[in-house]
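Letters are used for the chains, namely A, B and C, taken in the order the chains are written, and counting of residues starts over at 1 for each.
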């Protein structure tokens, strides 16, 4: 129990640290939201000064941080300059879409890579292994960008999938079932891009962990005892590899979040990615920080889940130091 | 000055040495306190062979590290040829370091696998900036011959040597700076018996030729009986008994000594003593 | 296989370094008469059916029925010429005019077609490669140096320094790196000259990725520090600096190289991604990223397949580095 609380505290500290780090980057920023406005001769300096004071940009950095922290506590997460709304309102619907994409991709990628990895590890250096490893290596050489673009071209040429966006123009008029089908249709392409992009990485890790587990002396002796192969695989090797597999789960969240950023932008999936990009181009400070914080939050949460799973699965951690 | 005192002053004098290791767990209140050395006093005279015998974990290696000034004791002092070892610093310390050499347990780990034999042997010369490149190379040849290894092997890597040969290499390296005191930590462990015998012979030979003082660390009481002039029995950080091998074997006082003696297989044949 | 990879990568890097000579045109030169021209086809058989020993091309004219498409103008054949004199470029400070191949005026040879402004994609690919490939290399060097420094200090000296540095590492690793990259880029001026952009990009990418190498190198340093031969050297009076230099840092070479092989392609992709989205190197300097930028418009993506060339050329780059990384990784495991 103490272990879990410690991990929770650790996660919270990380989030605070990240927020400070993000804010520090602000200090380095020579440009800001109102820079372009300053160049506009029609806008008077007084107006700009007034706007800056309104948004608190004229105060020193630590004060800005405190005000922002208070805003987070209130639930607003700062203000968007471009939209004039609290950041949280803007972010949440986008975050939902990103989560939908990321979590589904994660599940699908794991669902495919775990059995495949086990299969490959078991048949190490034999035909089955070589083929899968070659396939995954081939997939790895294709950068995410190319993958996304290629899938888009495929969609456009064959007209098989809905390309781009999350919904069709006539979405509002559709019935509930049709709505779900519509989203699902738009969902396939980004999902495919993400899964194909991350599948080879996960597969490699699963395979490596299983190979390591299968080389353990305990497995060798089980084999010597004549225990059937499938039993060894699932009752001995898999639990031995569980630790490393679970920590990979945490790491996979990070990979997926980064990959989803690009995929969302290219395929116009309305998630955190496009919003971040927009905010950057508009220099909408607090939105940028909000998006970074949220993505970090997901990552920390993912790792925490991995920690909990580890705690539940590994009795050594439960027992604590000997 | 120091040379004159060699005959009268003991090479090593240890007084009241204490060292404890504390293992702390972060965020926990448990602390594990290990008393590696719990009040050690001993005197070793020049030209002799002293043995520290005890079970693993009894603190022998810690004492060896302290004597080589690779570990700091918590309490107590060590004098080397009359100088307080832990008060030395700078060039003084560098000079004294030449005189005390430690040969480690486990040959494979003690030699950098990426270095050639020559680089290993002359490393101490390099660090202390002794001699020119050519002088160092000549010294390496000389040292290889001294420990009975063919100088043509100077270009080989440690993994190309056998265990016993690596041990000789380690000894050659230790001799590079012409030390006065050689501390050998489990120098014979893991070697075949015949190689052990060769090692003993080599060390005896070197001792008389180079006028060395030896401190052996071992758990092998019977072997030490052959090699040492005086044996100190270690147990949990303290010296429980000390004396000449013959006395210890015929008349052990402490239970720990007796236990060690009993553990020797074929005890009666050791030192040719008929009594048990 | 490693040898093929090394040769391939050397060829690629050699090609981009020799971009001036190998590219027939200046990357900024526009041919407004031929926007989105498809790749020029090389012919060996002419209209009459006779075989030529040397390739030649036809000019392009707009199609009579479809304005957006082109047709070959078979009235005049242009043989491919070698070592022609063309636009100026500078090579190691010298101004040269000789190019590997070219076509007499008024013909044009667009091996990989043209973009919306009629600029030769093949030339731009070579010149753009400089930005993308070198950005990856330099940023990786930056990351690795930082990581090496932090990792060595942290692992060797331990204690408070180690704790603080590793906390920092954890913070950096806790953020999804692309988000972090974007965030850092966000807080830099948007409209900057391409040269400044290049350096800024390199620094930003390099600063984001130092954490993982730092942690790995710290691990190696920690274990190397405990080796008996280090202790022995200390017994001879070796200084910290000597120990680090002679014994400990050489051990980190394996990790260093493997990380390099892993990071460089990632960083190349980072530059391409940022430039693609308009956050990296901008017009008119070509980079593989900003060349792909126009593909964000669906009609371009669907109709002009040759514009994908910069993305396609990434595949052999990735492959080469992947093979290298695997090879180095294996050697590390079974090295000593």
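Operating definition for what follows: a contact is a pair of C-beta atoms (placed from the backbone, for glycine too) under 8 Å apart; a residue touches a chain by one contact, two chains touch by 3 or more.
Quantities reported herein were computed from a predicted structural model and do not represent experimental measurements.
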From subunit A, the most remote chain by mean C-alpha position: B
Leader among chain pairs (count of C-beta contacts): A-C
Chain centre separation in whole Å, for subunit C relative to subunit B (CA means): 57
Distance from subunit C to subunit A - Cα centre to Cα centre, in angstrom: 25
In subunit B, residues with contacts to at least two other chains: none
Shared-contact residues (touching 2 or more other chains) in subunit A: none
Contact footprint of subunit B on subunit C as seen in their complex: 227-229, 231-238, 242, 247, 250, 336
Residue numbers on subunit C that touch subunit A, as the complex places them: 167, 170-171, 174-180, 182-190, 265, 269, 272-273, 276-279, 292, 295-296, 298, 301-302, 305, 308, 311-312, 314-316, 318-319, 322
Contact set on subunit B toward subunit C in their complex: 68-70, 93-94, 97-98, 100-102, 104-106, 109-114, 123-124, 127-128, 159, 173, 177
In the complex with subunit C, residue positions of subunit A that touch it: 14, 17-18, 21-22, 25-26, 28-31, 137, 140-146, 149-150, 152-153, 156-157, 163-164, 254, 257-259, 261-262, 265-266, 276-277, 279-281, 283, 288-289, 291-292, 295-296, 299-300, 303
